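Next come two complexes, and both contain subunit A; in the first it sits with subunit B, in the second with subunit C.
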Partner chain A sequence: MTALLEVRDLAVEYDSGERRVRALDGADLTVAAGETIGIVGESGSGKSTLGSAVGRLLPSTANRVTGDVWLAGERVFDLPPAGIRRLRRERLGFVFQDPIASLDPTMRVGKQLKLVLGSKGDPLSHLDRVRLANPGRVARMYPHQLSGGMAQRVALAIAMACQPRLLIADEPTAALDAQVREEVLEVVFSVAAEAGTSIVWLSHDLTAVARRCSRVAVMYGGRVVEDGPAADVLGQPAHPYTAALARSAPAMASLGDRLSPVPGRPPVLAEASHGCAFEPRCPYAEERCAKERPELHVVRTQEALCHRATELVTAS
Partner chain B sequence: MILELDNVTVTFTAGPPFRREHVHAMRGVSLYVAEGETLGLVGESGSGKTTASRVALGLQRPTAGAVRFEGKPFPKRRRELAGHMQAVLQHPHWSLNPRMRVGASVAEPLAVLGEKAPDRVHEMLERVGLEAGLATRYPHELSGGQRQRVSIARALVTRPRFLVFDEAVSALDVSVQAQILNLIKDLQREFGFSALFISHDLGVVRYIADRIAVMRGGEVVETADTATFYTAPAHEYSKRLLEAL
Partner chain C sequence: MKDWLTRAGMVCLGLIVLVALASVVNLAGDPDEIVGPRLAPPGPGYWLGTDNLGRSMLPRIMEGIATTLLLSSVAVLVTAALSAVLGIVAGYRGGVVNELIMRLVEVLYSFPAIVLAILVAAVFGPGQLAALASIVLVTIPLMTRLVRAAAVGVAQRDYVTAAIISGARLPRILGRHLLPNVAGTIAVQVTYALSVGIAVEGGLSFLGFGVQPPQASLGVLIQQGTTYMTAAPWMITGPGVVFVVAVLAINVVGDGLRDRFEPRQARSLV
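Right after this comes the complex of A and B.
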């Protein structure tokens, strides 16, 4: 089985005049066709950069230092302009954080959908597919007349209109009211499942991701530090960072326990990290953690970027 | 008893005359919040949680039933309640004025009461774990967690006896969420306020609340101690919520 998406050793830097920030520091990720994978990380861990890099949608201040992205057998960064446009059109769907900002404010919803579908498409059936009540009325509305949840469904209808192979959902529910979130997620996953589309869902909520995705990749400091089946990553984390994240989720705490948030702050890298990016916050750090970049270790069903992953798991 | 809702019903009407539609957002809800305790309120969307919080804050007049704050019915003018009850909402960047410096935002509730106490602002910022130097910054310069700390400081600066947290941690990163939840617990021990903590997330509510009320379709279907919720919830719907964790 060949992978649908393959990201190898991708490093991306943002250059804003005097300050340089390394958002991705050698990230690796593989997604098979039909898979649903959740990418979890705190703000600033590089997950949005990874998502945009897949569609070569990075802003002009970003530059790719090393690494490559293959999507459906094509090298995304080497395609000519016409090629990347075709790839985005036929293979990729994007849903972003702010749904209203991702729509054109001067155009009615139906017309925007028509742009994607071409002249023969029927916008109403697509609006119906994302379970919008009264699609005829919604099609005549402008984006500012939509509520956040409706706008996100419209954005999803547009993203899924051409039956893409891969849907990248970048925190699709972060800007929504807590109560509409579940409904929108339900729609995202059921629509993608019907179309046989793989999902890469970027989120900061480990438990929510583990509930819906088959696989979870945890990002920290611009690298994927742990990758494995959702239940195992959440239940028996191999990387100390994942363990710390799981401990800070209130749903995991038992009665009378005090939550233990991850100490310290996530790093902002200026250059390639010399050791493990989690070392300053890690309770198990030793000398080599600050000096050597951790290699991939396979622990049970998971892959973890940690020097001590194997010994910590056998110790516990 | 800080707050009592006695058989409260709220009905919203919509539509043209003769074809009016009536929506019962709350149906005969009775709740109370005792001195120094946190009542958690959970339920799915549309179950009436937010309406309950509006009634508790005196922003929504009930169609039927009585609300008592500190044993007395709400005063005619809401202004008399200023400084006695406060709210912390879901999105801190919607609840903080983007054109006001953080220090001024925190001082605003005091200004409403006609008090001036710059030291209290600085003290409050330190209590919620922010450096006093942040007072001169604007909200957009802060991270989500810091902004939520500012909203909590703003809510607590008048030393209110009752607070409403409406989805106060739902928009935060998981690790930041844990910090804010711990902060709320610590501040409650220190200041002794009572709280109504509303969330759709049973995990969060279970962690922070002393008692939990579950709402569904405008009615309270179960009220129980938190310990019960960890072990054996009685109502069918509460069991389902618990399984979803």
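Right after this comes the complex of A and C.
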């Protein structure tokens, strides 16, 4: 296995007793070492579940139906408790959406960093690495004394403390002010690049992701429906859903254009989808789209899960 | 508005603790010494009167406070330690462990306090140990349930997930992250449990299953006082007033702590 992360045909269902929701419906994803990839999807597309599954952090109500996850050559779901603990510690870092909530409110920042570092390493140098001014002062502060941007840098320092191979960032800037967003992203990407860490950035913002990441994977209905180089996915989408998403992004429109939202609602699957999950909202849908699960089609530089991907591209 | 109330409660509680400490060195005299005629009304040499054996009431009440307070405090600390462990483990692990612990605790919860206490006294034999065990068993269900509820909330927080990702073992997650974050709940419940503890000790000793005479406790004194209530009302007035003030003060302090540790609305705007 040469890839750092490999997700194959992963299906995960949440069972709350009376209701069953299929969050992942056969998702595939490959991340190479050092690569930066953005996973884009609406709420409920399964991107957070995918992120949790990589660290085997699914809640107890979730249930893996099929598929496997390999991280650094190890099957995540087959590891014994000691093995998964070692894998998480050595290979994996997480950055969460709410930076303040990802720090323990009862512990000073320096102490939290020290807990993660163990005896080795100096907390101050790690705070310095995420470009926090005056690390000594920050180390003595409690999380509630930090601003959102500072807290997210501290959270990043903690996540990157053990030089993980893979950093999963779940909407890391969604809770931040607009003006610190770019700064925090800059730090995330440069710290990861220095350490040679791959980034999986989960987001709903296609254009923001495409600006930073080398690759973009678009998720819909619990599957990765399109995967390819960022510029191509954004510029010449191969999947109708990606195209619709790109048309609805304010940053992509030129002045005077009307934004066109994607019509309809995202699906909530209760079982494996029989056809293409996007079929009810798709302007190009035909009969087989509702009946057959789409296979992978290679279109130019991208891979797309769409029956008509090839003909639609040639048509345009 | 409630600030002065909390403060008054703390002053009362502080005075009660001081009195208990003073009794350890027999500041007001030996509680077992016969100093005057039986059932004498308050007068010089026995400022709160004497009891049916001619012992001065003042040192007896002081000893009673010390006994009751010490017994309840030790019992409540035991409860806090057990509840913290049970509640945190149940709240964090969930599943079968949770079911097991919570159903067990609910069985205890289903008994009325005094019935449970009598049952314990019957098993251990009357005495301080029975009173201590009763207080623990009576206070453990509520505290465990509340600690568990708090722990369930904390267990889902991102910093716990972050700790898991950083490869933390279970003891570190529970001890360094869960425990400090539910400590406020435990502190509040400790004060309430203390007032329940005093009430249970009083009830049990009143019935003769708890502290045994000649040692004085608030329960013992009230029991003796009821016998002579018409002839020597001072025998029951002192212990009764102290009992009420202690329970009230502790509850008021508990309310103050709760407002501080568990504000209904988070102050943070982030």
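By definition in this document, the second predicted complex is superposed on the first by the 314 of 316 C-alpha atoms of A that agree within 3 Å, B and C clash if a C-alpha of one lies under 4 Å from a C-alpha of the other, contacts with A are read in each partner's own complex, and residues count from 1 in each chain.
One rule holds for everything that comes next: contacts are C-beta pairs under 8 Å (C-beta built on N, C-alpha and C of every residue); 3 or more make two chains touch, one makes a residue touch a chain.
Keep in mind the model is a prediction, meaning the values are calculated, not measured.
Aligning the two structures on subunit A places subunit B and subunit C side by side, free of any clash. In the overlay built on the shared chain, the residue A:R85 is in contact with subunit C alone; subunit B does not reach it.
In the superposition on chain A, A:E271 makes contact with neither subunit B nor subunit C. Residue contacts after overlaying the shared chain place A:E292 against neither subunit B nor subunit C. The vertex angle at subunit A, taken between the C-alpha centres of subunit B and subunit C once both structures are aligned on chain A, is 80 degrees to the nearest 10.
Once both structures are fitted on chain A, no C-alpha atom of subunit B lies closer than 8 Å to one of subunit C.
Interface residues of subunit A, counted against subunit B in their complex, comprise 42-43, 174, 177-180, 182-183, 204-207, 211, 244-245, 248-255, 258-262. Subunit A makes touch with subunit C in their complex at residues 55, 57, 60, 85-86, 88-90, 92-94, 96, 98, 100-107, 115-116, 144, 148, 155, 158-159, 161-162.
By the touch criterion given at the top, residues 94-95, 157-159, 161-169, 172, 176-177, 180-181, 183, 268, 270 of subunit C touch subunit A in their complex. Residue ranges on subunit B touching subunit A, taken from their complex, read 44-46, 90, 143-144, 167, 170-171, 173-179, 181-182, 185, 199-204, 206-208, 226-227, 230, 244-245.
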